[in-house]
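Read from first to last, the chains carry the letters A, B and C; within each, the first residue is number 1.
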Amino acid sequence: MIYEQSRSGRHATAQSSIEMAELSEIPSAQLRQRPAALPEVSEMQAVRHYTRLSQKNFSIDTHFYPLGSCTMKYNPRACNSLAMLPGFLARHPLAPDTHSQGFMACLHELQEILKHVTGMAAVSLSPAAGAQGEFAGVAMIRAYHDARGDSGRTEILVPDAAHGTNPASAVMCGYKTREIPTGPDGDIDVEALKQALGPQTAGIMLTNPSTVGVFERRINEIAGLVHDAGGLLYYDGANLNAILGKVRPGDMGFDVIHMNLHKTFSTPHGGGGPGAGPVGVSQRLEPYLPVPMVDYDGSDYLWLTEHERPDTIGRLSAFAGNAGVLLRAYVYARLLGREGMQRVAEYSTLNANYLLKRLMEAGFDAAYPERRASHEFILTLKRQAKELGVNTMDFAKRMLDYGVHAPTTYFPLLVPECLLIEPTETEAKEDLDRFVEIMQNIQREAETQPEMVKQAPHSMPVRRLDDVRAARELDLAYRAERD
Amino acid sequence: MPFIPHTEDDIRDMLGAIGVDSIDDLFDEIPAELRCGELEVIPSGLPEMEVARLMQTRAREDGQPLCFIGAGAYDHHIPAAVWQLTTRGEFYTAYTPYQAEASQGTLQLLYEFQSMMTALTAMDVSNASLYDGASALAEAVLMAVRANRKSKSKRILVPRTLHPLYRRVVHSIVRNQGIEQVEVAYDPATGQLDRQALEAFAGEDFAALVIPQPNFFGVLEAVDDLTDWAQANGMLAIAVVNPLAMAILKPAGEWGSRGADICCGEGQPLGAPLSSGGPYFGFLCCREILVRQMPGRIIGKTVDLDGKPGYTLTLQAREQHIRRSKATSNICTNQGLMVTAATIHMAIMGGDGLQRMAAASHANTIKLTEALCSLAGVESVFDGPVFHERVLKLPIPARDALKMLAAHNVLGGLDLSDDYPELENAVLVCATELRSDEEIEQYRNKLERVIASQVQTPCQLKPDW
Amino acid sequence: MSNTPSELRYTKSHEWLRDEGDGTVTIGITEHAQELLGDLVFVDLPEVGASVEAGNDCAVVESVKAASDVYSPVSGEVVEVNEALDGAPETINEDAFGNGWMFKLKLSDAGELEGLLDAAAYEALVAEEEH
């Protein structure tokens, strides 16, 4: 804890060499009585402390990280260094267009690239993360129906396997949600969909390939059904990596999509963000795109704001979203180009199918063994849980001891004891083979010494944590008197 | 192939293991008519060397003008260690700490962040970040409507002294849930929220009053009085603060007799570069009693099987991945990396360093506005006390003046004519601790010439008779 | 499932109800429900005086990894809530049918009691779910 190294009167002096200026204008009643209780440490103490903390993390740079649905692929270093060039870092968000043309050119070209690779009519880059992109998308669906006076549409359909953000975003836009079940083959239950559709349907939110790791084969039929009912189709781009440059959501009939640039376009996950969640739309939703956007008139780049786009759903962050993340994605897109984007889909799919096949051969149960994997797939450890008393959580925790970050566990909710595994295209065959070996080892351990597996991990900085205590006896901040 | 490690042999072996002939066969479940061809419009890939050249050119193209704009994004010194540590791969390329045992670095850092934010704001608890200041306020508004059990209202009182872009963002995010912002006028003399205009709402049912400190004009609001007034009228008090200002100003948790209920704001001044407006981070703190209504990740300290202290995501049942349609918010990914930078920044600066930085910014802004007000026709618009921004009135249209200054590579402030047309020729200026005396002098001299050129122009245009 | 008290009534959504015989009923969640949820960390109770409809969600029980709505089996007015749960949600884990009761309602329609499951029917339902 950095606070434990704090000593009263110690300063990082190189940083606070400025004399304490007079607060001439501020009435004393407005002033702080005691300085904020921040740590008082030297710069080196801080550097050591945070370097050591960093070493307690698993990360893509240090470990295989097959976290399903999160696309933990290599984040090219060039994307970071080129987005952090001094000219980009110093640009004030309200700088005039005359001092912004270089930055705006990158944004405009990124808009165009994303538009073409998804097959949509227009793109806005402003949403700050996937969930904000979802919010923007559903808000546009609502704006569209409202503009037509079609106000009886109060419901958004969401598959039961959807990410939790889908229903949460729909509710933030004032909609009720209705769940559509998934069939035994992993595709949506189209009969149930037909039953659910009606004049109250505003739209449906789909992920394709879906969260169970398979391509929704009846997508054309689904799109027709929803459109015939007067609803719109929302594409959750969480799994865009699987089909980038191979199949375009626009061609599948989607009206609006969001992309997770921190997944598909390899911007860093940063310990939980920042992401970027640009949205693309078909022609009929184009007026409602969130602002700001960048336009190009043939000689200059211009901002499009509420003034130029009066029907917009508005602004979702004070400025232009996570601009620095957009620059990283732009660099990535230029490094890859159109061929590279297609390779993303090809090799992430190759890796997933290879790993699935090898794991099945090793005796693990796939949730959808008859299906082709997309860029990810699901194993179910129901058998191990029942026969050996070793469940998915135990496998996941034991995996950490082998130096691999655990796949996503217990999502989607409809597959019991599941592991959602996404190797991504940037892992080499040897790493996939090693993963299979590790799974086999853990299986053997589960058979011969189940208690050891159930107590895992054994080599991490901490053992399993008491989550119940964390929630019952809340300790959310350091207080000198308590610790 | 950039970033793809597969050799020809690998590919052949892997396809063989799967039992297909080509990679294309792996897409055989996708209806053929949906497959797209070559995406000719998208450019081909470039080697890193060429992309680097392109980006360097573009970064240079935007110049690095002398910046006196604030308005929600501030040009502060960031210690070199901050981003060197933040971009370490172990922070930069990790994700949300779902596997706590393999994420103690991020988790402990976030706990330290929560500790520092509660110290800075004097609030009970903090979350682990939201997207930015404006969207954090929108979440605070949603939270207040959920949490205020005394009020049945979906209306919020919002002063016109709140950042106009924040008011727009709040509108975009909350309007679909039927929540309405009711604006309160400002006092044209002080630039503070108009107390009499506010009094007109006394006794009405509102879920919350938003109190910016400092406000958009840079002016300090009478926060004690406003907080007490809001709470006496059954409203929650939502503070929107500049976190750097909290280093020298009375913190939100000490406002009035009970303290603000919720405190949010833009974290950018704590270690995030200007970077065209993002990524920054929003922060959100509140009283402990409201913690279950708070959106976003929260980290708690606990113990492991051996009783050793450790950190974990807690109160997750509020969040979308568990609570789905009934979650407090749809937020999932937040601004973790920016919070990493902010935590390291606060640790290195300390309370004392932040105070010096804040005080120097205050003093520089006073210096700047005194220098500019020495010019004929330039005057301060409001007489309320300021933190590090001030509204000045120019003798010529602000738009023209700023344009000419920009042509001389000086960004002279923000033109307020769109959002506050009643303030004629007004600009909002800011000088952080980074602006030197020479730079302030430069601005003054350039503005002097610009004003002179404009004031003379009408004479030159007079018909020559 | 020997510990399904026969004097109580049950719902398909795993609430139990005890008819106090004076026009009021006591409501909680079943032993089976608390087992499914695991260690509870928080309970959100309705406000005294609130009127609830049968089938409405009026309380929430939270564990570390799940949150579950509690639906009122019948309609009525909340006359008392178990405030002891506030600092001790684990009481429900320890004694779901006893000290872990959640709230009491003044019945608005005693006829609604007829539609609830008896212990045998509830046990059958649980057995089927587990299958």
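What we mean here is this: a contact is a pair of C-beta atoms (placed from the backbone, for glycine too) under 8 Å apart; a residue touches a chain by one contact, two chains touch by 3 or more.
From a predicted model like this one, the values you see are computed outputs, not experimental measurements.
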| item | value |
| --- | --- |
| Chain at the geometric heart of the assembly (C-alpha centres) | A |
| Chain whose average C-alpha position is farthest from chain A's own | C |
| Selected pair, greater C-beta contact count between B-C and A-C | B-C |
| Gap in Å, rounded to a whole number, between the CA centres of chain B and chain A | 21 |
| Chain centre separation in whole Å, for chain C relative to chain A (CA means) | 37 |
| Length of the line joining the C-alpha centres of chain B and chain C, rounded to whole Å | 45 |
| Set of chain C residues in contact with two or more other chains | 41-42, 62-65 |
| Numbers and ranges of chain B residues touching at least 2 other chains | 322-323, 326 |
| Contacts with two or more other chains, residues of chain A listed in rising order | 467, 470-471 |
| Touch list for chain B against partner chain C, complex | 149, 292, 316-318, 322-323, 326 |
| Chain C-touching residues of chain A, taken from the complex the two chains share | 410, 467-468, 470-472 |
| Contacting residues of chain C [partner chain B, same complex] | 41-42, 44, 47, 62-67, 69 |
